[in-house]
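In the two assemblies presented below, subunit A is common to both, partnered first by subunit B and then by subunit C.
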Partner chain A sequence: MIEVLNAGYAALLLLLIAIGLAIIFGLMGVVNLAHGEFLMLGAYGALITTTKLGTFWPSLITGPLLVAAVALVVEFVLMRRLYQRPLETILATWGLAIVIRQVLKAIAGPDFRDVPNPIPGSVAVLGVEYPRYRLAVIALTIAIVVGLYVLQRTSHVGLVARAVIQNPQLAGTLGINIKRVYQATFVLGSALAGLAGALLAPTFNVFPEMGPPFVVNAFLVVLVGGVGSIAGLVSASLLLGIVQSTLSRYETPVAGTVGLLVLAVLTLRFLPHGLIRRAP
Partner chain B sequence: MKLRVRSHWRGASTALSIAVVSLSMSSSSHAQATNPLKVGLLIQLSGAAGVYGAPSQQAAELAVEEINQSGGVLGRKLQLVIADDATDVKTAGEQARKLVNQDHVDVLISTESSAAREAVRPVAKRGNTLMIYTPLYEGGACEQNLFDLGEVPQQQVEPVIPYMQTQYHGKTWYIVGDDYNWPRALGKATRSFVAAAEGSVAGEDYVPLGTSDFGTILDKVRAADANFVLLTLVGSDAIAFVKQLHDFGLGNKVKILSLALLDNTLPAIKGNTSNTFAAFGYFSTLDTPANTKFIQALRAKFGADAPQQTTLSEGDYDAIHIWAQAVRKAGTTDTSAVVKAMGGQTFDGPRGTLTVSGTTHHVAQHIYLGAATPDATYQILHDFGLIQPGPQCSF
Partner chain C sequence: MTTNTALSRAPRLLLSSTPRNELMFIAILVALAMLVNDYYLDLVAGFLGLALLALSLDLIWGYAGILSFGQATFFGLGGYALGLTEIHWDSSLAPVGGALLGVVAPAAMAFVLGLFVFFSRVGLFFAAVITLALSVLAEQMVNEFSGLTGGFNGIILPTALPFSVREYYLLSVAIFGVTLFLCVTLVSSDFGRVLMAIRENEERTRFLGYTSPWMKTLAFVVSGAIAGVGGILYAMQTGLVSPSYIGLTLSTQTVVWVAVGGRGTLVGPALGALLTNLFQHILSASLLIYWQLALGIALILVVVFAPDGLYALFLGATGRFAPASLGHIRVRHARRPSTTRHGAALETRGVSKWFGSYRALSDVSIRLAPAELLCLVGPNGAGKSTLVDVISARTRRTAGEVVLDGWHANTGRPERVARQGVARKFQAAAVFDRLTIFDNLALARGGGRIKFLQLIRRGTTVDLPAHVVALLKLGGLLQQLGEPASELAHGARQVLELGMVLAQEPHTVLLDEPTAGLAEDERRQIGEVLRRLTRDQGTSIVLIEHDIDFVRRVADRIIVLDHGRVVAEGSVEEVTNSELVREIYLGTVV
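Here is the complex of A and B:
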């Protein structure tokens, strides 16, 4: 049972980080290598909130809000010049990531900071102790992903987004303000990273360099799952999360990482459009 | 007409070059008194281990200031040349080349990971520069011009394992580390020490650097019924592991013996410090006159909120003083003369008396066991006495 919970936890965190990345890439053709830094900013948001207010849960609002504010500025200054130009965005966002890390280090210092677990301790799940907070993260993430899926499928906003993914020029001629859609998408995708950062801060520690390791696996999920559908991302993160978790548990953690990478390579070789094909 | 001008110029240029050469020769002999000795300090000021670099720089600056205030070395002042390896092996090699080949440092003091050391070592060797590697490490790094002052497994682990087993009534160990050379070598050494202490190793796992989720590993530790975890995780990985071990309800069942959870990272595990121990040759809380003086001097120079010293950073203070003593004894900065003079050097510093062995190029030192406390310091539980480094090298 613990293996299932561990794999689920890993997969869901991967998914949350990957969704933001996929939204931005799928809609705007922007490869955001600074996604990990937005995650880090969300974690710092949680640190500030918990320190100032004495309680953690508001961080799930303030973290993403802080990142949304930063993303708005970044979009205005940098991103809007780079839409549909993947190669340039790689270089630009790589530089952006370095700048954000150094600015954080100058403001907050390089030290590892602690965000205390708001619901410490464990509960017995079918006989084995499992951390309360991880169960909360699992439940919250499922709720967020389901909410995003429903939003995408049933709301006007979701319809507009899907239209722009399918055919930006055509959507523009129908009166959709493409620039606004891009702006909102970048802010939303980044805010999701900030939310992931705030969520995992109590299980980890907060420091300027924390971003990059999270983003590498998220990119793999996006590549394997395809950018067009949440279903594809869910499948990819479940697949990769389970493979890595299981190999790590029954073999070694190195085998887990190797397994994840091999699976990603094989999937891309045989299913280049990702796990769930979307008509282009 | 042209020929005469040319011969004029030739004569003039010859005279000029002779003048320049003789001037530079005489200036180099004059500048002995004003030309400083360059101490190259290659540390981790940024990157994943960036949090360990600042106290190193301060400890080194204090040592240089003390030495300069007492007249310098051989009539020359010391000048610190600091380089940052950004916790990146490739950068470490580049910065080492800059210090050795461009800055021509008289000694290269390296406080970096074992991985970075392997990139820096050949640079110092080729440049015939004396190198002092200060951090705790896996042992066995041998070069004619290299001295290793840090704790080796025979010091950091061997005496501690039987003590922990007896004191805390347990015999089963689980080894968890990051996947690079130091943790793997320590794992191997630990297995032999545990066997000698009639304990057993129930499992050994290595994770990629930057791992944040230890759920599966902790599941294995629980399933193995381990009494102790020997932790060779570093940096944020170590902090995450300790936090998550408590989250999973193992905080009362498993005791952690960490080999790299340094004093200045304790604030990050605030509520989860119970049953977490460390074995080092130096703790910032060491209650000796020499350490009290050291900490006070640092606070006076850098302010009351100077970053906490650790065994990594204090080692730079020792290294500079020991090297200065060796140069004075050798009477020259010529590398092979100083290498010879390093053997037998003793220094009474903040971590106690250190004696450098000319045969092994390593150092005998006191080893202490510390327990992490809720106010983010280590409380010293036990002094294992002076421990020899064992047969590391043979010169």
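Here is the complex of A and C:
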């Protein structure tokens, strides 16, 4: 039973770190390699909030807000110059990632920091003792994804987003302000990275170099899932998360990482459009 | 028989025939040996290994357009091959054997990877993703199998070098210099021109007959070998191999050196690697953060404002940017007649193409007689372009047969169709923007083949049949052979691409709206060119066209497509007078 919970947790963790990247990539075709650094900023947001206020929970608001503010500036100064150049965005956002890391190092120092677990201990679920905080992460991640799905399917914002994914030019001629949509998308996707960072802060070491492994995994999940599909994203997270956690348990954590990478590469080699391909 | 005619003010020699900047670079490195103390010589010797790593990335990224986030893997593999051989092979030859293995192993890995990556229809990011994964994997593996690799601490090389620091430095400069000139030779060769064409527009390159996956794999193998040499040099200088030599961090740093230094300039990336590492070494730890910060900012600024990098800016400022390559155009008689032996130039039998449930083509059978000019007409979405895509193997058909001059085309590879003598022009003129007009023509004339000598040599003469030269003259292209194609106006681009199609001397050409966006006068001239082509050269033509007046002037026969079916077929009069065709175009006639 514990294996099932662990596998589910691993899958949802991937989903949580990938969803912001997926939204930005799906809507704008921009690969944001600074996604891991946005996540790291969210974690520092949680660190500061917890230290100043003495309680962790407001971090789930302040973390994403901090990152949203940074993303707003980044979009204005940098991203809007690169919207038609997908391969260039990889480079530019990598530069941005370096900048954010170094600034954090200069301000906060390179050391590991801890955000204390706000709800320590474990609770009996399905016959096993499971850490309470992990259960909270699982619940919140599911809530975020379901919320986004409902938003996309039922709201006007979701309709606009789907229109822009399908055909940006056409959407533009219908009076949709593409630039505003892109701006909002970039801020929302980045804020989700901030939220992920804040939520995960009590479970990871917080330090300026923590971002790159996250972005590698998130990027793979997004590509394996297939662009522009929440169902694809969820299935990719499940597939990769389950393989990773199973291999980690029965072999070694390194085997888990290797399994995830190999599976992702093989999937993309034989299904270039990912697991779920949006209708052309 | 060849008629030599001087058609252009052609300089006799082409670019970098004397690579002055490269020579000066090497000269400065040699001079350093006299000017600088041993401490710095030792450092720079190691950094030359990193400069080779940058060269290896520039070769595939700057020239062939393949972004690799895994260059350090080849580099580290070179280093580890050397280290492990020295440890496990108790022989005085171990360093030599290890160095050999350190070149061969990365090259072999690049070969396997190339086969895996380049031969599938993968997405835009696949090469970047797989090399990224490779970097992470390699680092994990090295740490995991610590019994073999020494894990986190790495391997200390047991063999001390039998050289003084200065000798070792000069040896490094020699190796670097030789590799640099090898790269310069390679990228200025016919092969290098094909690589750049792939970078500019891979699909167009394939439709000229080049098997781009093999070309990319070859470039990747050379790049892997060079990175391996870099790893060997670096390991020798540091006396050590560790996981940091093989992982993602070094791989991404290499990307930064190359991007900031200047993609596609060779010297730029090498300088980027040398100077970046030198600064990093000189600056104290507290300043290092700000140096890294500056590097990140530099990367962003370069991407946004100077995509060609700092070295290209410098070359532009000093007016030394290598002049675009040039050469002669010579007129020769066409291979007459370039036409068919099997009765029909082209035949489709019951061809269907479905996109999911959408039927773009249903049971289309057409036949093109030798030297016939067949016009495909029909409203938007009728399936005209899809039919041409299917014939030219751009799209896989769902059912049916395509026979090209007796050859049963059953391939998903456009280059095979091109080499069978069926050439294609795209609707939006597809030319190689950053290559010169001469280069564009040379590529077309190259026929999709690269012989061994063309890896190191560049053709300076292109022989073109008289009718192609006449066409180029019509577009005013002969006066601007040295201009990049991006400078051309819309009409001239169309003419250039048509010229490239005809330069292949195909027996059949597929033209997708070749006169789109041209002025009436130009359209008339193109029409005459096409008529002459069928009459004088015996070329068969399939022409997609909307302008019915144009069709009337040139067509031998018309086929009307609607909703993916052939609905009418016949002479110009028959079809234009048909009720059915009017209905399709105008709706039901009341």
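Just so we're on the same page, the second predicted complex is superposed on the first by the 277 of 280 C-alpha atoms of A that agree within 3 Å, B and C clash if a C-alpha of one lies under 4 Å from a C-alpha of the other, contacts with A are read in each partner's own complex, and residues count from 1 in each chain.
Simple rule for what comes next: contacts are C-beta pairs under 8 Å (C-beta built on N, C-alpha and C of every residue); 3 or more make two chains touch, one makes a residue touch a chain.
Computed from a predicted model, the values in this text were never measured in an experiment.
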Between subunit B and subunit C, positioned on subunit A by superposition, is the outcome a clash or a fit? clash
Considering only the touch criterion stated at the top, classify A:157 as touching first (subunit B), second (subunit C), both, or neither. neither
Touching A:134, do we find subunit B (first), subunit C (second), both, or neither? first
When the two structures are overlaid on chain A, which partner does A:205 contact: first (subunit B), second (subunit C), both, or neither? first
Have a look at where A:9 lands relative to subunit B and subunit C in the superposition and call it first, second, both or neither. first
Is A:73 in contact with subunit B, with subunit C, with both, or with neither (first, second, both, neither)? neither
According to the stated criteria, A:254 is in contact with first (subunit B), second (subunit C), both, or neither; which is it? both
Give one of first, second, both or neither to describe whether A:105 is in contact with subunit B, with subunit C, with both, or with none. both
If you stack the two complexes on chain A, which partner ends up touching A:116: first (subunit B), second (subunit C), both, or neither? first
One more residue to check, A:268. First (subunit B), second (subunit C), both or neither? second
Among 115-123, 151-159, 169-177 or 349-357, indicate the stretch of subunit B whose C-alpha atoms run into subunit C. 115-123
Need the overlap of the two footprints on subunit A, from subunit B and from subunit C, as residue ranges. 105, 212, 252, 254, 257
Which residues of subunit A touch subunit B in their complex? 2-3, 5-6, 9-10, 13, 105, 110-114, 116-117, 120-122, 128-131, 133-134, 200, 203-205, 207, 209-210, 212-214, 245, 248-249, 252-254, 256-257
Where on subunit C is subunit A touching in the complex? 67, 116-117, 120-126, 128-130, 132-133, 136-137, 140-141, 143-144, 248, 252, 255-256, 259, 289-290, 292-293, 295-300, 303-304, 307, 355-356
Sites on subunit B touched by subunit A in the complex: 46-48, 50-51, 54, 179, 205-208, 210-213, 215-217, 219-220, 222, 235-236, 239-240, 243-244, 246-249, 264-265, 267-271
Touching residues on subunit A, where the partner in the complex is subunit C: 31, 78, 81-82, 86-88, 90-92, 94-99, 101-103, 105-106, 212, 216, 219-220, 223, 252, 254, 257-258, 261-262, 264-265, 268-270, 272-273, 279-280
